[in-house]
Each structure stands twice: as structure tokens, then as C-alpha cells.
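One chain, chain A, appears in both complexes that follow, with chain B as partner in the first and chain C in the second.
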Partner chain A sequence: MTDERRPPEAEEGGAILEVRALRKRFGGVAAVDDCSFRVPRGSVTGLIGPNGSGKTTVFNLITGMLRPDGGEILLEGRRIDGLPPWERTWRGLGRTFQIARLFREMTVLENVVVPLRDFRLRRMAESAVAGEERRRAGELLERVGLARFCDELAGRLSYGQQKLLELAQALVLRPRLVLLDEPASGVNPRMIERMAELIREFHREGTDFLVVEHNMPLVMDLCDHVLVLAGGRVIARGSPLAVRSDPAVLEAYLGG
Partner chain B sequence: MAFVQTLLLGVLVAGVYALMASGLTLIFGVMNIVNVAHGAMLVVSAFVTWALWRATGLDPLLLALATTPLMFGFGWLVHRLLIRRLGGDPATMAVLLTFALAVAVEGLLGLVWSGDYRAVTPSYVARSVRLGPFFLPEAQLYAGLLAVAVLLALHLVLARTRVGWAIRTATENPQLAALVGVDPERVRALAFAIGAATAGAGGSMLSVLYPFSPASHYLWISRLLGIVVLGGMGSLPGAALGALVLGVAETLTSTYVSVKWATGVFYLVIFVVLLLRPQGLLGLRLRQDVPQ
Partner chain C sequence: MGRASEAGSRAAGGGTGVRLRHAVVAAAAVLAALFPLAVRNDFFLNMLILTCLLVVLSSGWNVVSGYAGYVSLGHSAFLGVGAYTVALLALRWQLSPFLLAPLGALAAAVLAAVVGLVMMRARGHAFVIMTIAFLFIMQLVTLNASFTNGSHGLTLPLPTWSRQWQNVPFYYAMALLAALSVGLSAWVRRTKFGLGLLAIREDEEKAAAMGVPTGIYKVSAFAASTFLVGAAGGVYAYYLTFIDPLGLFNIIVSVQTVLAVMLGGRGTVWGPVLGAFVVEPLSELANTYFGASQVHLVLFGALMMLVVLFLPRGVLPTLAERLERRRRLRAAAAEAGAPVRLAEVGEGGARQDGREGAMT
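Entry: the complex of A and B
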């Protein structure tokens, strides 16, 4: 079911994700304010902006951890804003966190194994770590370089390893789009290079990425499209080069 | 020798206690709900075992094969009709709701089978079996072994199967579980049903080992809560350890001190352990509202 890729719909202009007039207030503060953008299909899109500009809130709204006060979210042209988080995951959405969130008391392998969707008795009783899913999980762990830690508890991995494991976990259902929240934060330069290489590899295999990142050289290197968020709305969009020289962006970062 | 024999007996008692407590701690771990009706579920299963045994003459411990799926269905219904309706913040209301359920079940059992004490007495209930130098009561031996077998099966389900994986993710981090594709509502329904199913098996064993009446659930829920709190709320190995400590303490007391003190020592041990280790033996969290 995860492999039936829908053909690009012309009327959506080839957007994998579209956000329309999204709004979210916390008390009196508008964290996300009439925010609209598209993530082009087949892209690695950067979502940048000064601290407090609403990037993580946007991620939480897209994944369903927060309910929007208004607006629409479309994944491959279909509304997902009314769906619970797990349904969005099964529709092809994945995410990672700034500080890796894992099942720390489960093993590395168990963290990556496909979750249960089908509650028929036969499926429920199946081994969680066997068959096709075991192969897929094993292959992913191999590729992120954690294969030899399969039976280790996830909580015992180093910080960088946990970020890699989280990436594998987000990719196991072969999502169409993965949201990465600061994949390079707090990890050493070699790990950043490794992370970028992995993102490029998985992108070539058909997963698009929306990346929140403060490391500008990485954004410039990795992304082919950049959205700039300030005050809860998108103030600039375009190629990394174009965005870098946009006066509105400089204003937002320096005047902020 | 007599001491070792007493210890062995304590371990067998502990096996049955552990099975009875496993469902309670599982439901708490996944749902953050203290199922006060767990004792009532045990007693329902004991009565059903008694009725089936009288009607068919089948072995009451084997009747666990019938009461386990029956109570699974009962648990699923209770979740669907009652627990699910609590919605947002079930932790506080759930105690009240499940207590009401326990009282209602007690009343219904009394209506159907009267408030009298019952006991299931298969032919081996008064016999002992000789194992090397030890004499062990047959009923305790069979029930204890069966309880351990059911617990191992439960452990395998949780450790190896997809449903077990889903239950463990929802126990450890419900928010993250939802993000990786686990529907927490379905998992909660299943966990509640599985918890009730263990009460099904446990109830069949109870019917052979102890006399019971519709009101017996008060005794059992306090005993099981003691075990679960001692072991650490929500921890399955903790429930097993709590059962072992209390089962052995109880048996030693009734052998070497007095049967009258057995129940008292049970609760005394809980007081002492919790003074030293408020989170229970294997519990991780001191308070629910503070992340570990």
C-alpha cells in the first residue's frame, strides 16, 4: 500500500505538500499567521527563519500534533488537516525532531520496525521483527550505519546515532515527504556531512524533504528550494541563491 | 526442608498472584487507568468457571481456555461502552467509573448466583503430590505452573508480536507512537481487553484455590493493587516481583507465625518497601505529572 504512488496532479502544480492560510494562536500570540506555501514535488525544500518565527509550530500543525485555528493542509492534493497524526503517517508523512525522540526502552531494531495498522487477529499475532519488514528495517539500519546496534536499547545510543536512528524510523514506511527538524543541530561536522549524504540518497529514491535548519551552508548545499518564515508567515521563497540576497530576508534576520 | 517447601509453596502462590496482577498493571501502563473492576473481573471468571464446572464436570483449570477469550470480549465491551467515553482526562474519573462497574458486577453476580460463598473442588483439590523430598498441594502446583505459562505467553505477545510492539510504543510514548503510525485508541481497547483476558485465566485459578463470593472482589483488588504498587505501577516484571515478595512473605508468615497474620504481613511489607522506595521496586516514575 505504500508503493502506490499517485501520479502528479496538474491542478496542484506538482506540489507534494500545500499549506493554505494556516493559522495558530497561543493565547494572544499568533505563532502561525496566514501562512501559505508549497513544497514542490521532487524537491528538498528548506524552511528557514529567525528563532520564534514559527517553524516548529508549522511542523507540529502539518503532522497533526497541534490543531490549526484555520487553514488547510494538503498532502499530494488531498486534505489531511482533519486527520489524526497516525493517519497522516500512513498517508505518507514522516518527521524527525530537533532532539531525537525515540522509544528509548525498546531496541534499535524495534524502533524501526513497521507499526501496526491492520488490527485483524492474524496481523496482530505476526512477529514484529520478521519477514519483509525485518528486511526493510535491517536495510535501513545498514544504510544509516547502525546495523551492528540492532539489539541495543535506543536510549543507549550517542546523540548523533539517535538522530540517525530517528531518520531510519521516519523512512521505514517509505513516506512521500519527511519533515526534518534541525537534522544537523548538535552533531559534529562529519556527522553533518553523513546526514546530508543520506538525505540526498533517500531523496534520489523518491522521498521529498522539508528541512528546518539553522546551518546555512548546509541549507544552501542541500536544498533546491527555500522558504523563509518570519512572524508566522512566509516572506520569501525561491532558490537558495535568490533567497539569500532578498532584502526582506536580510531585514527579518537582522532587524528581527 | 520444611523451609524450602514453604518457599516453593510461596512461589506457586506468587505465580497466580502475578498473573492476576499482570492485567491490572498492563492497563495502567498503557492507559494510565487504575481498573478498580479488575477484582470483579476475576470474580466473574471464577463464577463462570464454577458454573461451567458444575454443568460439564470439566477440569476448572482447563476451563481457563473458555474464560480467557470470554473475558477478553467482556473487557473489549467495557472499553467500548464505558472507558472510551471518558475521553480526554480519564485518570481521575476512571477510578470512579471502574469502581461503579465493580459494584454493579457484584450486584449482578448476587442476583444470578446469590451472595453465598462458592468453591470449585475438583478431585485433586485436597491431594498433594510428592516431588523429591517435597509435598506440594496439587491444585497449587497446577495453578502455579499454568499461571507462569500464561504469563510467559503474555510476555511473548508483548515482546515479539506486532500488537505487543504497538502496546509497548503506546506505553512508553503515546505521542510518538501516534506519529509513527500507531492508533492509540485501538491500542488502548486491545490493552484493556488483554488485561481483562488475564483476569479470565486468573479467575479460573482463583476458583480452585480460594472460596469466593460476589463481594470477594474487594479483597482481591486491594491485594492486587498492593502487588502492583509494590512492583511499580505499569511494570510487568515489577508485578511479577511484587507478587513474589508478597506471596513468599504471606506463605512464610502463615507457616511460621500464624495464618491470622498472613494478610497483615502482606500490607506491612508494602508499607516498608514504599517508605524506602516510593516508586515501587521496578517503577521508573515517582509522579505521573513529572517526566522521568
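Entry: the complex of A and C
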């Protein structure tokens, strides 16, 4: 953890993402219940909490895969709840999934160049693998170490490689904020190391991250700000060190 | 997958493979153009016209069902819509159905876009069932509406050209539409749009999250897949000179379409063409040898079963995979028997990920 990098009074500075009073019920269960938080601009923010605390649901609400029952979501100060997922992506959001989701029957390169940057009919007719996206995809695949597998089917990659490919996919449109859902789950320690390095590198280049992760040493190492979710709401926030000794957090993790 | 042809060209050595493919396509085009002039045989000409019709249907179907993965069993409805649009307008305006075929295309595509907006909110089996329902609703509407002349059907104007040309103009019209269909399918596959459709087939939620506007893509795919089918419906109606709801809004035509694509290879450009050239002649031969019985239906059923059991991915992808595997083996042998499993050639840190991933 590098203290110099943490903006002083992160909460006071601009928020890249702001969630206000977000609510989502599944039948009788309030998965996300009056949840409010800010992701400070220029941060790597951790979103932690016990199993079932609503972390992935929050991700799904932010990216538009689920519709909230109430509340507001603002990306760089503009409302995005109401927009379909692809428009949120065009506004500067990216995400990865807890279990890597790829287009398995498409090549590694095709997996990265697939999205549009915005919608114009003319863009739909452009050549699939060409132009700016081709260059950007090549550069990203080079950096995550998959360049030599460009023409392989994504389904043939090992699981760790699939996670790296998903990171490249999330970054292709140069998002302002990327949501990572357990980037270290199911991969070996060396790959976790590698993933952390990559996240730091891309962060230095101006992409902020909101990370759901159960691997606490990684969270402590990577994040300069941590949000703790329990029962669908944020119960603590602050620096990793402060959060770790917060009694409410210990209660949530051990008391249940 | 369009990968099939790519893998094929790679196996044949990149540039030469592409050139070879172009040469084969050009030769086929010349053959197709000369055929009716060289062979004056009504049986074969009829078979070819119907084969071209099936190429239009299966190449179109492949765009929405092969690329985007939305399986439609109601595709023949758009053949009917094109046929009825062109027939009604030809009778009203006293114009040649050939000239009106583009309007048949437009009617089919617009209708597809409208019903697509509703139906494509559902996925998988639900979508399949809705497309079947759509086909039968269209059949019921044409059976009962007064302007379609109900079950009496419609008789189109007779061809005006000299009788010595017989069905040759129909052949050229249908062959042109077949070529356009293959061209459209190949073009879609090469574009950003086509890649987005494949992504939708693989994982629609993920595609949307990555920045693929899935709604517009799906509806566009449905419209694109029916546009030339509508035009073919117009030409087909003119060829038949008499159309009725049961013949045009016919689920057997849909089934034939699906069978052709499954046989040739779903999601490939040339699979639907290959499939059409097998299925239609087979059906024609069955009709010839077994009379007007329903034996060809049994034949379709058996063929479908064989394809699903032994060639689940279709002929072309299976062939491409074989070639690819052989190429890999040869490459591996050239590297003195080095292992070719991807995870093993990967980064040192990635070596055991496959196994770990399997356990989590």
C-alpha cells in the first residue's frame, strides 16, 4: 500500500462513482438496502463484506444488468441508472465477472475488439478487426501477456489466462472506472501477483478501480480506500487499516 | 462459425487459400450463369430454382440464428409475407413481380423489425416457440383476411416473355438473390455488427456489459435475415403463379431451412449453401421416387437425427476442425514433438491455472 497515492480526504474530493440510497429486493430478501457510497476519483477502492452481503448485486445494479428498485447511480456526476448496460459502458464503465465470462467460440483478439465506442450505424458496418480498436486490443493483449494467443479460441485458454483476457476486455474502451469482481479468485499466487501489478499499472495510467475481493492481503495491498458491505448496506469506510480494526466490521465478519 | 472458412484458408496456406476460394466462387458463378443455356432440362432447372430459394432462406436464417443464436422456426413466414406483398401489388398495379420484389423484401424486413422488437426480448426456447406461433398467426391471418382472398389463394399474372425461355428468367432471378444472400451473410460476418452478433450468441449479458448495443443488433439481424427472403418470396410467387396460405406459410419450409444450415454448419458463410444443395435435391428426388407421399418428411427427420447425432456442428466446421488439428500436429512435429497444449505453452505463472480453475 502506498500512502502517497491516497488523495488527502478522499471523501471530500470528486467522486468518480456515487451511489445514493440504492435498493434491490429479490422476493422477500433485501439484497441491497439503502446503500450509499462514493468511489473517490483517482482511487483503487475495495468493496468487501461477508458472503451474501450484496457485493455482486451492487455491481450488477451499477452496470445495469439488474434494475434497482430505488436509488440513484452517478458516474462522474451524471445519472446512469436508467441507461442500458452498453450506454453505461460508453460513459466510461467497465467490469469483469466473478467467474470469467468470455466469448468462448471467438478468438482472443475478437473477444477484445467486439464492443462499439458509441452507436452510429456506420460503425456497425466497419470491419470487425481493424482500426483503433485493433491497435488498442493488440496493445492490451501484449501487456496482459496474451499477444501470442490472438488467433486462438478464447475457450482454449487456461482459467488464469481467461481472467487476464477479461481484464483486457474491460479496458478496451479506455474506461474511467472498472469494476473487478474477485480478480484473484481461482487463480494461483503468481497469477494474483501479476493481476495486482497490472491493476496498479492501469491505475497509474488513469483508470480507477472498484474491487470486490475476499483475499484480504490483496485488498490491503492494492486498495487505498475500502467500503465494507453487510446486509446490503455500507457499514464502514476508510483506509484499509482503519477498516480492519473497525468493531462493526469485525462484528459483521465474525458475528454472523 | 466463420472461423471454419478462416481455419480452412489458414490450413491451405493463408493468401493462396483465399485466392483459391475466390477462384472456386468465380468458377461456380460462371457455371451457374451458363447452366440453363447449356442444359435445357426442366427437371434440373426446377431443382436449381428451389435450391437457390433454399440458399436464400438458409443464408438469411443463419444471420439471426447461426450468428446471433436466436433460433427461428418461423422463417418461412417471411417468404409468405414477401410472396403476398408482391402478388397483391402486382395484381393491383399490373406490374411485373420482378420489379416489385424489392417491396416484398422491404415488407418482410419491416415486419421482422416490428415483431423482433417484441419477440427478441425472450431468449432460447421461448423465442423459438414465439416464432412458430408467429408463423401460424400469419397463416391464419392470410386464410381469413378478405384482401388476401383467404383459402382460395391468389393467381398472379402469367409471365410475358417468349415461351421458349420457359423458367430461365426465374432461375436467374433466384440465383441472383442467392448470391446476394451469401454476399450479405459474408459481409455481416466480417463487420463489427457480425462480431457483435457472435458475442450475443456466446453470452448476451456479457456483450451488453462490454458495450454491444444488443437490442439494436438483434433487431437489425432479424431484419437483415428476412430482407432477401421477402424478395425471394416475390419471385417464388411469380414462379408458382398461384399462391395460397397453406403453401406459403408452411412450417416444413422452415424445417428444411433449419436442416440445411445444421447439416452444412451453423454460423458459417458456406454451410447454409452446402446444406441447401444437399437438402433440396434430396427432397426433390424423394418426391420423384416416392410420388407425392409424405416420405420426404420421414427422410428429413432421419437426416436431422443423423446430423444431430454425428455432425452436431455441421459438415464445414467439422472439416475445418479436422484440418486445423492436422495442421497443429504437423506444426508440433516440426518442433520436435513439443507439447501443444495451450496452458503448457503459456506464461510460467499460468501453468496450473486450468486445473485450479476446474476445481473452483
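Just so it is clear, the second predicted complex is superposed on the first by the 235 of 256 C-alpha atoms of A that agree within 3 Å, B and C clash if a C-alpha of one lies under 4 Å from a C-alpha of the other, contacts with A are read in each partner's own complex, and residues count from 1 in each chain.
In this text, contacts are C-beta pairs under 8 Å (C-beta built on N, C-alpha and C of every residue); 3 or more make two chains touch, one makes a residue touch a chain.
Keep in mind that what you see is a predicted model, and the values were worked out from it rather than measured.
Engineer: Just from the overlay, do chain B and chain C fit on chain A, or is there a clash?
Structural biologist: clash
Engineer: Looking at the overlay, what does A:104 touch: chain B (first), chain C (second), both, or neither?
Structural biologist: Touch partners of A:104: chain B and chain C.
Engineer: Classify the contacts of A:28 with the two partner chains as first (chain B alone), second (chain C alone), both, or neither.
Structural biologist: In the superposition, A:28 contacts neither chain B nor chain C.
Engineer: What's your read, chain B or chain C touching more residues of chain A?
Structural biologist: Partner touching more chain A residues in the overlay: C.
Engineer: Of the two partner chains, chain B (first) and chain C (second), which one does A:194 touch, if any: first, second, both, or neither?
Structural biologist: second
Engineer: Examine A:157 and indicate which partner it touches, taking first as chain B and second as chain C; both and neither are also allowed.
Structural biologist: A:157 contacts chain C only, not chain B.
Engineer: Touching A:186 in the superposition: chain B (first), chain C (second), both, neither?
Structural biologist: second
Engineer: Tell me which partner A:127 touches in the superposition: chain B (first), chain C (second), both or neither.
Structural biologist: Both partners, chain B and chain C.
Engineer: If you stack the two complexes on chain A, which partner ends up touching A:145: first (chain B), second (chain C), both, or neither?
Structural biologist: Touch status of A:145: second partner only.
Engineer: Where does A:247 make contact in the superposed view: on chain B (first), on chain C (second), on both, or on neither?
Structural biologist: Touch status of A:247: no partner.
Engineer: Find the residues of chain A that appear in the contact set with chain B and again in the contact set with chain C.
Structural biologist: Looking at chain A, the two contact sets intersect at 63-65, 84-86, 89-90, 95, 101-106, 110, 113-117, 119, 123-129, 169, 173.
Engineer: Can you list the residues on chain C that touch chain A in the complex?
Structural biologist: Of all residues in chain C, those touching chain A are 1, 3, 190-196, 198-199, 201-203, 205-217, 220, 342-343, 346-354, 356-358, 360.
Engineer: Which residues of chain A touch chain B once you look at their complex with the stated criterion?
Structural biologist: Where chain A meets chain B, its residues are 63-65, 84-86, 89-90, 95, 101-106, 110, 113-117, 119, 123-129, 169, 173.
Engineer: Can you tell me which positions in chain B touch chain A when the two form their complex?
Structural biologist: Listed in rising order, the residues are 157, 160-166, 168-169, 172-173, 175-184, 186, 190.
Engineer: Residues of chain A touching chain C in their complex?
Structural biologist: Residues of chain A touching chain C: 63-65, 84-87, 89-90, 95, 97, 99, 101-107, 110, 113-117, 119, 123-129, 145, 149, 152-153, 156-162, 169-170, 172-173, 185-188, 190-191, 193-194.
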